[in-house]
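What follows is a pair of complexes built around subunit A, which joins subunit B in one and subunit C in the other.
Let's look at the complex of A and B:
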């Protein structure tokens, strides 16, 4: 694990002559860093085993019978039994668990109960859209949120801070779908500044060849600039909706951390040395960087697959929308695949965060 | 060099207004080292922060002046004051690990201080930094410059802070308890170093401390503060041998001496939440009179010692009563 080295206290036993003794201990950073990466990578399979098991038991314990759900209320007892057999639900519990694990290890999450598609295929089909939405809205949210937070932290306990605090609290109290509805009502319905929220491309636009499956990138590859403009225009409202809600969290955490950093002795010394207020704020931001990055990582983990309502509202066709639909339909393999995919994604994001923090902070050693 | 008059600083807190400095006045002459002493909460640090313009909301300097080379620091706009701080007035912080930036390497911090006060190219900055680090007694300045604060020992880190404070050759240095965060074994070295650099460069220094030994050894004059006020000021030699204020007397008596029982000063520093009326020290003063209750003693020159520039804020006839009490 990464440790923060405590500042050594002076322990010169005999009073040194005029020149203080050199006590510069430099651990080799690059070698340790690779070892840190390796160790953290090894932890992922272990953690994933728990996620996989958890996903299996969670779905297993869910109320409702998938066979019944598929057959519908008018089906006869016999029909339901047949469906159950087809799905393999009649096999004993341990047998199903073992074959599930065996499948997952090989990257096989099974076949959806409903559309008959490979769950893995579906994940790869829906994930890029969610990633695009997440990257765009999170970047915007970070930009807005950190700016507001930095301003509030800088002017702590003064008017700009009070206004920001009220705004942050109000935004956090408003559910995202309400922000979405309000934006649809005003920007689309009243002002006609955005296209209707019915998907990522208009009816007249044609979808590009799925090279990367990232729509924006595929449009660029295809050289379809009109399509790209249309897609960006249609992304405006969902990105804005998600960004506004998320910006409040960024603003809150940066306000607290930057505000505290502004009162630190480090900033006081920077001021006493005559550094400009811009530089002083930069020092405070450097200090507040790690907590803000941590928060960003948590939000990334949450938003991929967690933006179900916004994705559904704007027919974004992302992982969250697919996951939510699967849960409502009791599509057991899809739900399990959804949990495992988002779990793995979060773990990779946290790993990236740990490595980034370790790389950015000279105090972190990699023993 | 520096002349502070009637400085008043307040903090507005949830519990009420804290009167941290209430009419503080003192002078630092050219080439003089002046010590400010007092217990925690006496307003020492607030006073120097006020002079340097480092008081942030909810605190504010509400009155007084601080003339430095003919300009009033308290009236200066932020930008102009910023150019004085770090260039003409150096600041030595209390805890080097709190003061130095842990994320930037030491060279970047020298660069930032240099560039805050003018243009300079990298080679010049590095050259000046190396030279400064050598002057504060760092043997391997290259390695220190390329390293980070946490790789240094406490004494080394404080040497780096001193180098930063003196980098642009300030005429006045303000030091806020520069050795309290350090190991006892290196405190002396650091103080000798600071005093040497001050004397050698014919600079002035204002040093805040609660260590009377430091004052006795390194300072020319001493300002004794209590509860946000100056209670006594004068040359160290005469103040310490013949204290005029009962508080100074009590402080000196509290210094442990070989073979003598320690005479601790009883009671606590009053909180500064209410605007003090009367002498703030009266609750702990063995010689308090009814007048001390109602009337705040003004700081006044002491007649017989006037050539020495001694002042005291006490209702007693300090020239007769306090020495007599000290003797008894």
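Let's look at the complex of A and C:
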């Protein structure tokens, strides 16, 4: 929840990192869209340089001897020396920094200190599970949230609106991990409607061949329908947890924007034309499209990697769980890889958002 | 008409939500420091393990025999000052920085670019990495909150400030030869104070969930000291065996405090909107 809370308040203070640069201006000339794509693509390497540098300095910030902290108190002198070499602490600073950047640019994030696996391999291994969780929970959250928000916005300042507003405010104050625990207690312990939170498949199920590494898709490819049912059943609680937490944000933004749209001239005109109330609401929803998309993009950007607590709670085996475990174990190459991967992912999501918004709304141009 | 509704009679009734929120937050804070507790929050009773809520133990006891009620109250001593303090320092840094970025020069562009890149991360994960890598100390939790919250103040104040800078009175001040610093702090700052106060309570609410999440993961905590997140974590496994009270009550405390801070923000927002019209 906390991640999402942050995403939300970022959105409150400034709709999106990039949306802030949008200006409503005269209709774009032909070719403007391509220029926008080019400009935004050029920005990515610059931003990534910040991200990479930041991930590097995180380790530089470690007080004392990082090698000692990582190896722990039981390590032998030899182990500490090996870690020191891996970190490059025996070399001068500028040389270390340059070789780090060179490695990252070539897609080499190094080898994990703990499982000896290539960090890049691990990222690709764990990312699909996070994407599956994110897609399922955000779809559900958008469905619930936008429905509630649209209803509240339509009945602005009347009973359904007040109830929705209080519900949204209350829901936003519940930490996401608490939602997860309460669901475990009620749905699993009291009602026995969900399996225990111990992983994506049960003991009697076997994992399919990793063709796409997306578990649901691999199960379908393998034709293991019992396995698929079991996996979906086990996905119920984590998906519900994240969906309930994020639905509040969808509801909040759609309530505000649809509420405002319902009072706009456009809606007045639609009503004056004698359109049905359903069509009127559709036009109001179209006006609210951009802010809702912006929210969705922020949530997508933060949920991959940001759902680490929920992934860990339900043993989901995603990127967030791996990243969190790496951080707590002080696995430096893995932490750096995790930060760079999640940073790059969010940037690509924001890029997609900008292009989508520009494609949908001809009034938007980018300076 | 006064600029704030606060100076008028009937104030408590008019801004009920604001006073309710303030009462809960400061009530929790004061209770944490001064309320006499029924049991020692850092001494477990081995004869009372996992007792459900009763007259003797209002919120029950946990798996080590700690009294949950005493610990929930005592935890306010640690968690609330961390969140409120972190948010306050973030405002003290972020507001001047945000005002400075309204001067459209190269440095302010650079600051904004840096913030853009920064925002690409899942910020909670960033906080976790920051605290863990720097040796898991309590001060670092405050630093993590500052790191997360400061950019928000910068962005918000910049957005507000840029709008106000277009006003005539700024133009007049510039024409009279006022220095940039004078314009920022004498003319702009008073006009963004409402926004700052609203954002301060939003930031405190956010910071509290970050504090709870960090201590839920056992980051930045020292074991016997009670903290809501640690207590929720302590009861997490017990949820699958039905002992709900160990996690629920500290969870309710977090919920109550965050909800109150959000309520304060909402009410302040309405008050300042009203007074600016």
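One rule holds for everything that comes next: the second predicted complex is superposed on the first by the 307 of 367 C-alpha atoms of A that agree within 3 Å, B and C clash if a C-alpha of one lies under 4 Å from a C-alpha of the other, contacts with A are read in each partner's own complex, and residues count from 1 in each chain.
Convention: contacts are C-beta pairs under 8 Å (C-beta built on N, C-alpha and C of every residue); 3 or more make two chains touch, one makes a residue touch a chain.
Model, not experiment: these values are computed from the prediction.
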Considering only the touch criterion stated at the top, classify A:156 as touching first (subunit B), second (subunit C), both, or neither.
first
Considering only touches as defined above, state whether A:203 meets subunit B (first), subunit C (second), both or neither.
neither
One more residue to check, A:264. First (subunit B), second (subunit C), both or neither?
first
Any idea whether subunit B or subunit C touches more of subunit A?
C
For A:302, is the partner it touches subunit B (first), subunit C (second), both, or none of the two (neither)?
second
Where subunit A meets both subunit C and subunit B, residue numbers
5-6, 9-10, 12-13, 18, 20
State the interface residues of subunit C toward subunit A in the complex, per the touch definition above.
113-114, 116-126, 128-130, 132-135, 148, 152, 155-156, 159, 199, 202-203, 205-206, 209-210, 212-213, 216-217, 219, 232, 235-236, 239-242, 244, 247-248, 251, 254-255, 258-259, 262-263, 266
With touch defined as at the start, can you tell me which subunit A residues reach subunit C in the complex?
1-3, 5-6, 9-10, 12-14, 17-18, 20, 46-48, 50-51, 54, 58-59, 61-64, 69, 169-170, 172-175, 177-178, 181-182, 184-185, 188-190, 196-197, 301-306, 308-309, 313, 320, 323-324, 327-328, 330, 335, 338-339, 342-343, 346-347, 350
Listed in rising order, subunit B residues that touch subunit A in their complex are 52, 54, 56-58, 78, 82-87, 91, 93-95, 97-105, 112-113, 116-117, 137-140, 143-144, 147-157, 159, 161, 164-165, 174, 182-183, 185-186, 188-189
Inside the complex, what are the residues of subunit A that reach subunit B?
5-13, 15-16, 18-26, 156-158, 262-266, 268-277, 279, 283, 286-287, 289, 360-363
